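The next part holds the structures, each set out as structure tokens.
Both complexes below contain subunit A, partnered by subunit B and then by subunit C.
Let's turn to the complex of A and B:
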């Protein structure tokens, strides 16, 4: 791996060297390294690009890293990754994609991730997206995440896109059985002329299933964001969706939270707030000795933390 | 020393000029200076003018001989003016430790941040990593606001109704906070307050009413007048009833 690839790996997966435990590193559309453990197997798909990640029932405190790096301009990479999480397992999965585009052609990575989370299994899924490079070529990331959670299963999904991605459409669909729960925390910051669209559809099918979808975003310069979130309560369940956005410059945010209750005992809440940084927040930090610009930085950093 | 020379502050209301502050002339050099007076008398506006949040329509603000009238909020803060808001601001994402660190202006250890919180009666470990958001109560925010001023430790500290929302039990502690803050900064502490117990510790009391300074002096000079005027009010009210 060269210096660019190493630096990207650090940005998207906080990795300095090869990770501990199971991993699969994909670089410019090809396998760049893989490790499996006694409990976690990674198998290349035969029918289409991508991998199957198979985690044995009862696997505890293990992690899987599957970073993707694109440093060649003009590459269009599409992968299908399926995760099979065995009953009662408790694991951390770190995915992420970094694009370094110095050229003039568009680089694109579309990852289609499907999770099959077994009964009472627990997954923390962390996904970071990042783009860099001073070429004029666009950096596009369109991730699709499909989640099926079996009875009593739990998934916490943290997705972050802070910088450098020109265009993104993020689709996430989930269905939950009895007692299953899902927490999604999304953070997006767009600048320049970037566009970001997020679509969440969560089906709460099981008794006492629950979902909490939280998005925090900052739209700077002339960037545009669309946030669509739909929670369907199809049983006695609890759902909450929240979108909180800060506008700067000529940023544009369209938040469309929606709830669909198909059961008398479905309890669903949505909240959405969009606005510029409150003047009193800036003033407070300025009375502590920060300049207006420094105050703005602190407020945004805190908000996106 | 802080000097206010002929400070006037007007706002436009219903296409008419309204005078909020009229020719305020004050010298503040004492340890504790309390500003009191009826609601709407101009107290908070005066504090904002000292901190640079509002610009006076006319007049000059002199800090230790330097004219700071045209300086920004940031510049004044860096020259040693601190201001605790009447209504503290909430921040999504910033933690108590973040704010205390920003206030102190340098990297501080958890132990240092905790010591500031303990001074205002907050159990530090419960609060240090809390976000300064809507989950904190008004009284908790108020204490954190005061802790930030302690962390700054500048020569001029302004508090706008620090006692509001703080329970009676902590009242004596609040006075202790002011005393120990003075030990540290050796400058002036200006407190806007309606509380007799705070007025009692003041070396100088300024009464601001209808945008004008109606009395200045020690508590022995000013307090009897304050009580008289409130008695006058109650007599009037009695008559009306």
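Let's turn to the complex of A and C:
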């Protein structure tokens, strides 16, 4: 692996070295390294590109890293990864994709991730997206995440699009059984002429199932963002969505959060706020000696933390 | 006018007698009474059913009542009413439609109301919808309201669907110039198998324009409600939407409020909450001697006030 690839691995998966535990590194559409453990198996799919990640029931304190990097210009990479999380397991899964495009052709990665989370299993799923490179070729990332959570299961999903992604459509669908919980934290920053579209559909099917979707975004320059979120309460359940966006320059944000109550005992709440950084906040930091630009940076960093 | 018609007039326009000031009463598709004043003219349209209401600039403390009642079963009544509110006027307009359907055929009233609100004019617009009658014929009301507010103008729109309307699609579109304000307060209660759809589109085009859309609804029995609201911030502006819904029995509510920020200085906020009456609230009132049903009624009345 060359310096560019190594640097991207660090950006998207905080990896300086080959990770501990199970991992599968995909580089330019091919396998660049894999490790399995006694409890976590990774199997290449036979019918289409992608892998099955199979985690034994009761597996605790283990992690799986499955970063994808693209450094060849013009590559269109699509993978199907399925995650089978056994009953009572408690694991961390770190995915992420980095594109380095120095060429003129579009580089694209579409990852379709499907999670089958067993009874009372806990998953923390971290996904980072990042683009770089001086080329004029576009960097496109379209992640699809499908989540099925069995009784008492729990998933926390943290997705971050750091920078450099020209266009992204992020689809997430989830269905939850009795007592299952889903927490989604999304952070997106767009700049230049980038576009980002996020679509969440969460079906709260089970008794006492719950979902909390929190989105924070910053739209700089002439970038455009669309945030669609739909929470369907189909049983006694609790759902909450929150979408906060900061506008800068000529950034556009369109937030369309939808709540659908199909059961008397569904309790659904939504909040959204879109606006620019308050002038007073900037002035306060500037009186402490920061330039306007530094003050903005501080506020944005705090907001996206 | 017979007793039924008089009783409906009272329900939809709080009218016990012929009103003070300007009025136009439409009964079963025909004119049942009209009065104009020195400042308010009402003119029958020549090209289609409906009236023009022309209010002179500077008119203050005057009101216009334009109730519509349908007591014949099977009538499909559609009117186009245009309101021209002169610069600096300050008036109250009371519309509303009551349908009494004792027959088996569908009775329907579609009112398309267009407001041209002059510079610095103030309008309070009150609209009540009500259905009654023992017949099996449906009672349908589809109001469309189009509002253009000139610089510094203000409109407060209070719409209430009390009960008895089987099906309604309520479309409201507004565009606001510099310094214009719009406040919308909507109250809807549905029961039985009723359906209600509300669509708001507000374009905040002018500098310092503002909109506040507040919707409160109760969905009882097997009734279904859809609430769509879109606020577009196209300039330095302030927009706020709030949608609170109480579910009862098998009531369904789908809330889709959308915020679109197309300008750096647009500040948009949305809140929504859907749920049933909190158990503690009921118990508190029941310990004071109310039955469960009475306690529910108290809470609903307070919520819809």
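Quick notes
In the analysis below, the second predicted complex is superposed on the first by the 305 of 305 C-alpha atoms of A that agree within 3 Å, B and C clash if a C-alpha of one lies under 4 Å from a C-alpha of the other, contacts with A are read in each partner's own complex, and residues count from 1 in each chain.
Keep this in mind: contacts are C-beta pairs under 8 Å (C-beta built on N, C-alpha and C of every residue); 3 or more make two chains touch, one makes a residue touch a chain.
All values derive from a computational prediction rather than experimental measurement.
When the two complexes are overlaid on their common chain A, residue A:244 makes contact with subunit B while staying clear of subunit C. In the superposition on chain A, A:118 contacts neither subunit B nor subunit C. In the superposition on chain A, contact of A:143 is made with neither subunit B nor subunit C. By the touch criterion stated above, A:283 is placed in contact with subunit B alone, subunit C being left untouched. In the superposition on chain A, contact of A:270 is made with subunit C only, not with subunit B. Look at A:302: by the touch rule set out above, it reaches subunit B but stays clear of subunit C. When both complexes are overlaid on chain A, the residue A:131 reaches neither subunit B nor subunit C. Between subunit B and subunit C, it is C that contacts the larger number of residues in subunit A.
Within the superposed three-chain model, A:254 lies in touch with subunit C and out of touch with subunit B [touch as defined at top]. In the superposition on chain A, no subunit A position is in contact with subunit B in one complex as well as with subunit C in the other.
Here subunit A touches subunit B in the complex through residues 216, 244, 278, 280-281, 283-292, 298-299, 301-305, going by the rule given at the top.
On the subunit B side of its complex with subunit A, the touching residues are 51, 53, 72-74, 77-78, 81-83, 85, 88-89, 91-95, 98-99, 102-103, 105, 148, 152.
Taken together, the subunit C residues at the contact with subunit A in this complex read 233, 245, 247-262, 264-276.
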